[in-house]
Every structure is written in C-alpha cells, then in structure tokens.
C-alpha cells in the first residue's frame, strides 16, 4: 500500500458523462492487480476519500473512470492537468485469474475494473470475452478489450437488446461489475462468478468496519480488505442496501 | 534538541501524546503505513464479552466536515481478543488498551476480569456510551450513578490503568467526570461521538440502516474541545481529548485547553499517516516556541 | 401548477415553510437583498426586558463547516422593540415572532405580558437556552421542570402562538419536549446552538472573549436533524427544524424527518438570498417528484 | 448592495507576499465609495465570506489587495484567471471627505482603502499626502497615490525610519488604516481622524452582531454597518481584542 501525491496527467471522454482520468502514481501502477482500487483525496475536497477501481495501469501511470454523481466526482472531473490528488493504494483483493477462458461482464460504470482484468487474464493465457451493457449506445463505454466483444443496450440502440448478463456466454471464469441488481442476477446464473461490489467506505484500509458486506454464511466482511471482489454465491444479496442511489440505477 | 513529549497518563507512561482512538485503528494489526514510533498508545476497537455481528449496511454517511457511523460494535468477543490479538500486542513497543463495553455494570466487570493479567493488555478504556439494558436502554454515560457503578465494577476486578470514555450527550459533563473519578478512574477520555441522523431524500428514510449514527470528524471539534476542557476543570486525573483532530494545531487546542494527551480517530481514515504527522507537528510547534517539553506548554485551565 | 407550501404552525398560517432563525436576521429591517415573498416568518433577535450590551469582541470564530458565536444577546430591550420595530412589523406581509429571554420564569412572563397585544407581534418563541439565574445559573433548557415553568409563565400572559426553542445540550430531548408541550407550547423549535470552544494558539486562550460560543452551521446539521426528529416523535404539536440548513436538500431532510417547517440561520450570513433559494428549491423538489403540496411529502416518523 | 458572481480578471504583486486581485463587478465598481468593503465567498472555500476593502474601482472592475494569512486568503491567491468569486457589496460606511487637504496614513495591508480614498479626496479638490509604512522596504506596497508620498520603514530601508504615524504631517482630514496598535496611536495624535478598523465578521450585512466595535461612550457598534470607518476618538481602543493575530502584527 502506498500513499502518493499524484498529478493529473490526462482526461478523455469514453461515454456520455463518463471520463477517464490519468495520474502519475508509479508505485501503484507497477503493483496494482485487476479488481483492486485506489482511495482518492484532495485539498478542499470532501472529508473522506473516494474509492475508484483502477481502470488501467501503464508504466508510471494509473487511470480511473468516473461520472459526476456527487460532490466528490464532480470536483475530480473539474480538476486541471497538473493538479494533485492524494492517492492511496492499491487496496483490496482483486480478481483471481485461472482457467482457459473468461467472460468479463460489466454494466455502465462497472466497466471500471475490466481493462486490467482483460490484461491480466490474457497474461495468464485466458481467452477473454468482453460483455458491456448500458441503457443506450451513448452510455456504453467506447473502450473495449478482450478477444471478443459483445455490446448490450436496454433499448437495442447498439449490440444485443437486453442486459449484459443475458447477452453473456458461459465461461470457466466469470468476472462481473455493475449495479447490485445486475450482480445479483450474475449470482443466480453463475454462483462461482467473481463480482466486484460497491459499498460506502470510510477508510479503505480495513480499520473502520464501515464497508460491511453481508455474507450468506452470516455476518459481515470488510469490502475494502476481504473484497471488493467476492464469489457471487458468498454475498447475501438480499441484505445489501437497496435504497442507495448507486444500488438502484446504473 | 527535540522537545520531550512523553506523558504519564494515570500510571501509564506513553512515548508521545498522540493516541489511536478506539474503533478507528482496528486491533492495530492493520496499521497501514504508519510509523509506529509516533503512536503514544493504541486503544482497541470496542469489544463485548461475546462476538457481535454489528449493524447492517450502510454503516457510514458523510456529512459536512464529519461522518456518521453505526458500526454496531462488530467484534469477535473477548476470547478471540485474548487468543488472536493480545499475544501480538505483548510484542509491541507501545501500550495497547482495550475498549470495553457491556449491557450491565457486571458485564463490564466480567470483561475486565477476563482480560486482567493477560500479557499485552496495558489497561482498559471503559466505553460508557452503551445502552444500559438493565435500566431499560438508558445510557450509562448520561447518568452519574450508572457511570460510577460501571467504573467501580471494573475497578474491583483490575489494578491496570483504567480510563473512562465520556459521552458528550449530557447537560453537564463535569458531574459525570467527578462521579467516575470518585469511582476509581485513572484518566478520562472526552469525548465519544454525538448522535446524529442524515436523511436519504430518494428513499425518504435515514441513510444509515441503524437510523442514527455517531458523528465524528472536524465538525465536532469545537464541541469536543469545550467538553474536554470542562472535564479537565472538574477533575484532578488526566483528561485525554478526542474529537475532530486532523492536524497538529487541532491536537494543540485540546492540550492548551487542559488535556494531557489526545486521541485521533477519523483523521486516520483520511490519512493513514495522520498520527505520525500530528506527533511531528506538535514537536515542531514546541520547538518553534522554544518550549523544551510538552509540560511547558501554557495551559488555559481556570479553576472555578 | 406550483405545489402548495403554506403551513399551519400552532395556529399561525405561514406562506412557506422557510423561516428566518432568531439572531440571524436582526429585527428584519436589514433584510438585505432577500425577496420577502419567500419568508415564511421572521423570528426576531432574542430580547430581554432591559437593554443589553452583549459580549466583548471577538464574538465569532469560524470552525470546520461551522461558526461559534457569543453575541451575548445584545439588544435594545423590550421598550425599544415596541417603539421602533413592532410598528414596522405590523405593515409586513409575513408574521414576526419575538424571541424572548429571561433570567427567571417570571421575567419571561413579564416580557410576554408587555408584548401581548402590541400590533405587529404575531407570536413568541421562548429561548430556554438562557441560564436560570434563580437556580444558580443552570439552564432552563436542561431541566424539564424549569422549561415547563417558563412556558407556563408565558402561556398565562398571552393567547398568541407560543413556540419553545429547545437546547440540544440534553440527554433526552423528548422529555423536555413533552414537558413544554404539556405546559402549553403551540410548537417547538429544535434546536439552538451547541456550546463549543476554539483555542487561539498564539494567545493560549479561547478565541472568543466569552470563552465559549454557540456552534451553528452545516457542521451541526446531522445532530439537529436527529434532535428535531426525536422531538417530533415525542410530541403532537408541530416541530420546526433548525440547524445547518444551507440548501433546499438540507431543509427537506428536516421535513422528511418529521418537521413541519424549518428555520435558516447561518446560511443567511453566507448568502443573503439563502432563504429565497431554499424556498424555491423546496418547490422545485416537490414539483420534480410530482407532489402537489408539502403535505404530500413522505415523512419518516415512526412512533415508538 | 449587490450580490454578484465576479470573474477574476488579473493579479499583480505589489510587495513581498502582497497581491492585488482584480474582478469583474460592474454594479459594485460604479457605486463603491472609499473605505467601503466587499465580502467574498467561493465554491469549496471556507463557510463564511471574507471581508476586503475595495482597493481600486475602475469602469466595470474592482480590485482588492491581500496577503495569504490563512486558509481563505491562500485560496483566493491560488485562483486562476476566469475563476468565479461571489462578491457582496459595497458594504459599510466609507470615509467622509471634506476640507482643503488630507493625509492618508497606512501601515502594511492598511494600504487597502487608500487608493480609492486618494481618488475621492482629489475629486472633491483636497490636496492629498500619502504616508505608507511597513517593517522593511520589501514590504512596502509599491503603488502610491496622492500629491505627495512619504514612505516609512521600521528599519529605515526606505524613506523615513520609524512609523507611518510618526512620519505623517498634520492635515485637516486624517484617514488611517492598519494594525489596531497603529490606529490607537493615530487616535492619540488626531482624535478627529477617520480610521478603518478590522474586526471578525460573520455576515458583513448587519444581521449577526458579530463585528462588535467597542465604543468610548459604552456599548458596541456594528463595524460592518456603522463602520468600518470610525472617528478615532469614538473607539474604545483598550477594549479591542489585543490577542488576535491581526491586531498584533502588521
């Protein structure tokens, strides 16, 4: 785990309202694994840091993908090149990659951990199918990876009409990220799937117990430390808060 | 010469005045990135006799300059602490106190009895912000008699240093402070979180599943400084200030207001190195003012 | 169609649910830049029978997301209010309530008697956060009997709407709320400021010359929402939420939590147009959710 | 009184650590009188606004002069051209200008209201002497106005060695601004002087009573409304807080 002052190095748009931000964070870039996240803070920002999956890591840089959903993400998107962000990471447990092939299923911003997952899966010789869904074509993340790409939109404006889960083939390894509702559907179809789940986080480092993930076997795990990647069958989907904005929409 | 910052808190010698607050540092095994030299002491996450699952999520919500938490004292229970953590603590070069909780005065006593003498456990911090189940859910911390009863119950079972952590939700903190001092506390910690609530306007219900949570962070600092100061004026035992400390200057406010040491909580979430930076900042302040030790820091502590 | 937002608060019909909090709007004669249409009511700066000089400066200090104030209830006394302000209030198109203060229950009563029937005075807000000089400086607001005695003393002297503004520095606000409801209050305001302190590290003493001050602003909002909610659960009369409201969403938190209206204080210092913007924001929220009036806003108010 | 979103239009340095910031605030620029102030707030800034004397006003623009003494002033100085500041003003009562001649005495940042004062005094036909003092030459504000300029430094590195007050001639109108200690000295020598006094302010608009100015006749005035300019003899200098940073140093 490292705590760095990272300079913003670039920003590009990848879907309607969705942007990728690059920052200079060498120690994290070289150690991060797919599914891990960084916790970002900045001067005059909100009190608590904000967690973001690492989208890509390349040489000395990492990238995160985000939309302005609240104060913190809006401030991050308003930053200029060269502005500094305090970057804590890599945090959490990432995906475990083994087998002959993998399907990477993401809905909306759930695309966040997938470029790294595609990279790491292919590095261990897996054949990767990339399935990405959103409400409309405009909301699909334009960047895709893997050996084969399947698009899905609710309104059929691009790719298959329907959900990413429905559009997805089976595979030895199933990796998924997106709204909780989508992940619950993944859990039904592939209990062994690895899902990256969002929770509110206080610290990101395992000391506050704020990120409780309800487990099927009872009790709670820390999503920041034992997660954010879980076996889909291990999560008690019914006990995950359903009235949170992020748990409802994409 | 580096100014002296070691302090004696009710019989416990600490290398520095900056401590990790209960519930914000786990059991110390995580301690990410922190240089331990700076840690005066660690107070463990609050424990009960038996394991507890804690509250359903969401457990935290951010508010202006603060956060609400309703962790629900999730923990493995006393036996796991003795088995899994105390042996590690015994190896460490700073003292670890256990934050103890119960639903009746006797439960607190039992917990202390079980932990007393276990190597690695340097003392106790009694959390009296728990509901007193025997008295219908009223809080121990609000009632001087109940607070004193808990303190006595623990005092009888241990000779280890005994700190009592006060709740801020009282009309007169001095009354509670004096009651637990008389009941045998070696030091006081002021304060625990304030009860607060935040509403989710999409769901038309509280953001936290437990409905209310404890407010911590800079938002409460002026309230905490006042309460710690009032407690320090009321008793002769040391008072440890807690609440909203982010920078060295914040810690110094508590120290000038009459506290002997401070605890840092939420700041560690924001910056894992906060305690070390606050420790170093206090050193720097003393040096810049030409003060050769913490004892020389001018205090503002008028006695009534 | 614009949603209906007029409300009835203990017999007083207000054009909207957003009121100016006592001490943050003077006597209404300044009202800089604010469009008055948005003002549900104005509560005057707190007054005593006799003129008061107030505290020595500094009277305010900023803290994270909040401010401390120790104005010391500076004011011209009741005769000046009757002579200089009431005649103006009588001309205005929103009601003005007077925030009344005293050092004994009978002083509150006298004040109400003097103001009762004076044109321009639409009602009273009793501030029970004052020290009860007769009972050795304890606060009226902390003690249900004293709070009820003050309320009764005023109730006997006037038939005008009577609101009681609760202090947050209590262990159980429901007890005080029920006591003043029984004593004849028509509505409650929750809450007044929390006592806090901030230290000047150059002077090694409090920043405020009065040493302590009342904390207001967004920092206290989660605490205020909780206390207002607790008060609303305890009584059948309307509760007016106060504390840290800056934006319409903040006001809506109080309304969802069971309040019938809100008061805005510190926000007016930051933005003289805050009340109008909050009023408009509430309208916009109702409209966006398809609610045709404030009465349709879902409330979260479980009864025990 | 106006409440405007003003764009930052320029910044220049006028002494060590002392900068002038210009902003676009037409309604205020055309109505402000010497000695009046604006109350500035901005997104992600501190909760309360910060008061600043208007330094110059020209066409559609106003200027303020400041040093980074705390969080708010540091943030203001870190702003970029085009950034927006919420500007409330003009506030308070300014100088009253009458007579054949005036001396404008300022210490350090006390220079703030003087350019406008010089402009307005000359506009009514007064002869203006500008007396400006600081600790050292580097801390003197490089910009001066008036018919005659007198510099004073504590260390004699520029102009007369000594205080601005000591260096100042008499005049029909004496206008002064600076640390309270300096203003108290002005009050001794010229009881009729008009002094611009700083206090902590909550609202700047007269509603909070936070800006209490202790008066010789007893009681308090609101510095934001009845002040910030006072007859020197009217202020109870002994009752002004002396332990505040701004009351102690320059």
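Which chain is which? They are A, B, C and D, in the order written, and residues in each are numbered from 1.
To be clear about the criterion, contacts are C-beta pairs under 8 Å (C-beta built on N, C-alpha and C of every residue); 3 or more make two chains touch, one makes a residue touch a chain.
All figures in this text were calculated on a predicted structure; none of them were measured in a lab.
Visitor: Just to be sure I understand the contacts, which chains border both subunit C and subunit A?
Guide: Chains touching both subunit A and subunit C: B, D.
Visitor: Tell me which of C-D and A-D has more C-beta pairs in contact.
Guide: C-D
Visitor: Among the chains, which one keeps its Cα centre farthest from the Cα centre of subunit B?
Guide: Chain D.
Visitor: Which integer distance in Å separates the CA centroid of subunit B from that of subunit D?
Guide: Each chain reduced to its C-alpha mean, subunit B and subunit D end up 46 Å apart.
Visitor: Roughly how many whole angstrom separate the Cα centroids of subunit C and subunit D?
Guide: Roughly 35 Å separates the two chain centres.
Visitor: CA centre of subunit B versus CA centre of subunit C: separation in Å?
Guide: Computed value for the inter-centroid distance: 33 Å.
Visitor: Starting from the mean Cα coordinates of subunit A and subunit D, work out the distance between those two points in Å.
Guide: 53
Visitor: At least two partner chains per residue is the criterion; list those residues in subunit B.
Guide: 61, 65-66, 205, 217-218 - these are the residues of subunit B that touch more than one other chain.
Visitor: Subunit D: which residues touch two or more other chains?
Guide: Residues of subunit D never touch two or more of the other chains.
Visitor: Quick check of your reading of the touch definition: is the inter-chain graph here a line, ring, star, complete or other?
Guide: Basically the chains close up into a ring.
Visitor: What is the complete set of touching chain pairs?
Guide: A-B, A-D, B-C, C-D
Visitor: Which bits of subunit A are touching subunit D when the two form their complex?
Guide: 44-45, 75
Visitor: Can you check the complex and tell me which residues of subunit B touch subunit A?
Guide: Going through subunit B, the ones touching subunit A are 23-26, 30, 32-33, 45, 53-62, 65-67, 69, 71, 74, 200, 202-203, 205, 209, 217-218, 266, 268-273.
Visitor: Would you mind writing out the residues of subunit B in touch with subunit C in their complex?
Guide: Per the stated touch rule, the residues are 61, 63-66, 68, 139, 142, 169-172, 194-199, 201, 204-206, 212-213, 215, 217-223, 225-226, 229, 244, 249, 252-253, 256-257, 285, 298-300.
Visitor: Flag every residue of subunit D that touches subunit C in the complex, lowest number first.
Guide: Touching subunit C from subunit D are residues 1-3, 41, 46-49, 86, 88, 199-214, 218-220, 225, 239-241, 243-245, 248.
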